[in-house]
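Every chain is named by a letter (A, B and C) in the order it is written, and numbering of its residues begins at 1.
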Amino acid sequence: MPADSTLHKALATSAARTAPQPPAAQPEWRHIHAPDARSATTAHLPPRQGYAELKLFLRNPNAIFGIVVLLAMALCALTAPLLFPRDPLAMVGRPFLWPGQDAAFPLGTDSMGRDVLAGLVHGARISLYVGVAATVLGLSVGIVVGALAGYFGGVTDRLLSRLIEIFQTLPSFVLVVVLVAILAPNATTITLSIAIVTWPTVARLTRAEFRSLRQNDFVTAARSLGFGHGHIIFREILPNALPPIIVTSSVMVAGAILMESALSFMGLGDPNVVSWGSMIGGGREMIRTAWYLTALPGLAIVVTVLALNLIGDGLNDALNPRFSEDRL
Amino acid sequence: MSAVLAVENLSVAFGPARPVERVSFHVNPRETLAIVGESGSGKSLTALSMMGLLPRNARASGQILIRTPQGRVDMLALPERRRRLLRGKQIAMVFQEPMTSLNPVHTIGRQIEETLIAHENLDRAARRARVLELMNLVRIPDAARRIDDYPHQLSGGMRQRVMIAMAVACRPRILIADEATTALDVTIQAQILQLLDNLRRELDVAVVLITHDLGVVSQWADRVVVMYAGLHVEEATPAQLFADPLHPYSHGLLAASPRNSEGLTYRDAPLAEIPGSIASARGEVGCPFRPRCPAAREVCGAVVPPPVPHRGDRLVACHFPGILTEEARLVPAFA
Amino acid sequence: MAQRKSVPRQIWRIFLHAIPTVLGIVVLNFLLLQLAPGDAADVIAAEAGSATEETMAALRRSMGLDLSVLEQLKTYLLHLAQLDLGHSPRYAMPVLDLIMQRLPGTLILMATALGLAVVLGVALGAVMSSFAGRIPDRLLSVLSLLFYSIPGFWIGLMLILLFSVKLGWLPSGGSGTIGSSLTGWAAVLDNARYMILPAMSLSLFYVAIYARLTRAAMLEIRNQDYVRTARAKGLSPLRITLSHILRNALIPVTTMAGMHFGNMLGGAVVVETVFSWPGLGRLAFEAVMARDFNVLLGILLLSSLVVIVVNGLVDLLQSRLDPRIGAN
């Protein structure tokens, strides 16, 4: 369309009369009304809201419930020596008191006259300790192994992958039982054994993340700037690989608590400590008459593990928005 | 009615958004109708409405009339289980992405056969024979061996042929091709379009070609419907449209496409473009093209122009049709 | 385009890949045996009642226990090649025979539990996906998370409490009515009665996993282009759900099912103990109590081999289910 045609001028002036005045210092397109054509600059982006994922997480009612319960359990664990200063393994009352029978023992007593409530509150200590410690240990080893395998590739990857595969093939709980039986049961050996069977999952996950992330441009950029491998692995790639690892960690704590309780149930727990599992094991024989001895500690386990799983779900929804679309 | 498919005042709404607004057109037997528009024009939604495949949260109004041996039926008024009987049997569709439109875990023979299982009463041997026949019809080489192949073993062009075989298996009256060749190489495109044209004549089926490619339109279409922002803005034969576009949008489309006959090279002049984007149509009270139209006037912002007949059998939805092509035509000043 | 590899070639490829893993597991097993307190000489001495220092030393020399670790590894491997896993002091049997005696019981229990978990889980997941985002889905989601949080041994005890003690419908332990002379179908049904509760306890955890996995897979598949094609062909909703959606959702489910076999073995340890089910799990428990490390490590080794075999079978199944796998 020639810009100097009479018709064009006639249209332009009439259009200019009806159109809103464009701001000054804009290109000479008088007949353009489309708002996007007018703004030649990129839109002003608001700065990235910090902790957007945290807000998303906190809007999830299930996750809130999980956190509340977990905090309650943690509180129990921390204040147990204050609330129940007596050794929970000490005999303090008549045996086989039912919950509610005696106000001094709100949840009753077991076959040896030990306070069930004290046992439950103290039991939180070993469960949470083993759960968190084993997970931290498993995460550390798993992240390092997975990062090295995924980042360097080649022979390193082949060797480490084979190692991961070996440990994943061994049935986890059987290996834990074998290790604890060999190394004499106490809190440390239990934590170590559980970490030994949980690190492969983290390693596999980390390896997958690193393999895909190391192709990205920001890694090439870092290399060309002269940063060493260590910096790139831990300061560049790892922060981006964290979301699925964070989600997995809460599930790992849940799994560790389940394994610890199973070990204590079997008699392979720390003999100096009261554990929910050992309480269930002790009450097993009396299931016909005093079934509260098995039911109550089990409920404690279920509630704690459920809380952790709810948190894990909430983390997943917050950090992996793609999957939370299913909720719509 | 002699038309095999008639869309009457079709509107589709998703909540407050109305991506298709009172669209009407018809398709005659054994003709190729092209529906042209850019992304966001509503052409794919129109196609899905014709098949009764709109998502659950879409609200459609108007009529989609299909002529079946049992008489005229309105696709939108039928319950789902009746619609299902029409799909594949009277009206069929070929989609854009052949790579993902076939189920990777079933053989192509089985997937073609499924249409026959759903609509026809043949025994196993007869079905297999029909499948081979269809594969030959769409020119898949070595059909007897390929019938047990899986989709990942075929190229894009081959997969699209399989899709076409599935679509024409039960001899539908109408075949919709929604950007069916966009994802293919240019040479394969031409083959597939030729195939569709052959099938149109051999099987007596009307083809609706949904595309954004004016070259395809000029070569294969008998009539063209131009859509913009959910509205039907122009309808003509390709010859009429290319020689004399009446709607400013059609005019812009043609101006923006390089035409070999004019010896246009990039050194001579830059390609004309239609400034702005289709997003500018949102919220417009009058003609949705107004923000991008060089000839927009006050009435354009107030009243939506309906498609009206113009110069015989053409339709155009514009207050000032032909304003951009005829400089000589002076536009009366408006108060 | 490439044709699918024939089954024998796939088996060969799987076998070759597994060899280094098996070697790694064997070496690990050997190392654990070395770590275990007491050795074969102690075992014999214990059986004899007591022994002097000189006798012990002579015994050790005759059994080759004073040789270097590498030499002992060679002996160990040699024994393994002859299918000799050592001798159990507690049961006075070769370890291999003992394990073979108990293995079928565990395999039957695990197969039943896995089958139950897959069937129930997939059904639950299909229901959840068809109500996605609405109340039934949210409720079932939390329910499945609950299943995922319950320890197997505790639910076993609670099920015994409900169905055995309170209702008296099902037996509380064992694998068959003692002293009965039932044969044929009656015997099978009798065994089935004993298997219901243990299988349920073992499978509950996995029902949750498969339900969530199926739900996610079906929701994703529902949006795929080929499902749209199926609808455009006018196929019945039932056929679309079964032949297109579920059929494709099976692929990730079977992958997971294979990976869970090893985990389930661990769960079998506690479940078999709770229900006195005569299997490998309970044998492991008894071995732990008796500190019979030969048996314990024999179980670890053999169960790892079973896991490898099962993984291989799952690989084969996968390539049947997904024709894209195996084609290079």
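Here, contacts are C-beta pairs under 8 Å (C-beta built on N, C-alpha and C of every residue); 3 or more make two chains touch, one makes a residue touch a chain.
For clarity, every value in this text was computed on a predicted model and none was experimentally measured.
J.: Considering only C-beta pairs in contact, identify the chain pair with the most of them.
T.: A-C
J.: Looking at C-alpha means, what's the farthest chain from chain B?
T.: Relative to chain B, the chain whose C-alpha centre sits farthest away is C.
J.: Calculate how many whole Å lie between the centre of chain A and the centre of chain B, each centre taken as the average of the chain's C-alpha atoms.
T.: Between these chains, centre-to-centre, one finds 49 Å.
J.: Just give me the whole-number Å value for how far the CA centre of chain A lies from that of chain C.
T.: Averaging C-alpha atoms per chain gives centres 26 Å apart.
J.: Go ahead and note the Å separation of the Cα centroids belonging to chain B and chain C.
T.: 55
J.: Show the residues in chain A shared as contacts by 2 or more other chains, in ascending order.
T.: Within chain A, no residue contacts more than one other chain.
J.: Using the touch definition from the top, which residues of chain C touch two or more other chains?
T.: none
J.: Show me the residue ranges of chain C that touch chain A in the complex, using the header's touch definition.
T.: Residues 20-21, 24-25, 28, 32, 35-37, 132-133, 142, 145-146, 148-154, 157-158, 160-161, 165, 215-216, 219, 262-263, 265-267, 269-270, 273-274, 284-285, 288-289, 291, 293, 296-297, 299-300, 303-304, 307-308, 311 of chain C touch chain A in their complex.
J.: Where on chain B does chain C make contact in their complex?
T.: Within the complex, chain B touches chain C at residues 51, 53, 84-89, 92-93, 95, 97, 100-106, 114-115, 118-119, 149-150, 152-154, 163, 166-167.
J.: Enumerate the contact residues on chain C facing chain B in the complex.
T.: Touch residues, chain C against chain B: 1-2, 224-226, 228-236, 239, 243-244, 247-248, 251, 321-324, 327.
J.: Would you pull the chain A residues touching chain C in the complex into a rising list?
T.: 62, 162-163, 165-166, 168-179, 181-183, 254, 258, 261-262, 265-268, 277, 280, 284, 287-288, 291, 294-295, 298, 301-302, 305-306, 308-310, 313, 323, 326-328
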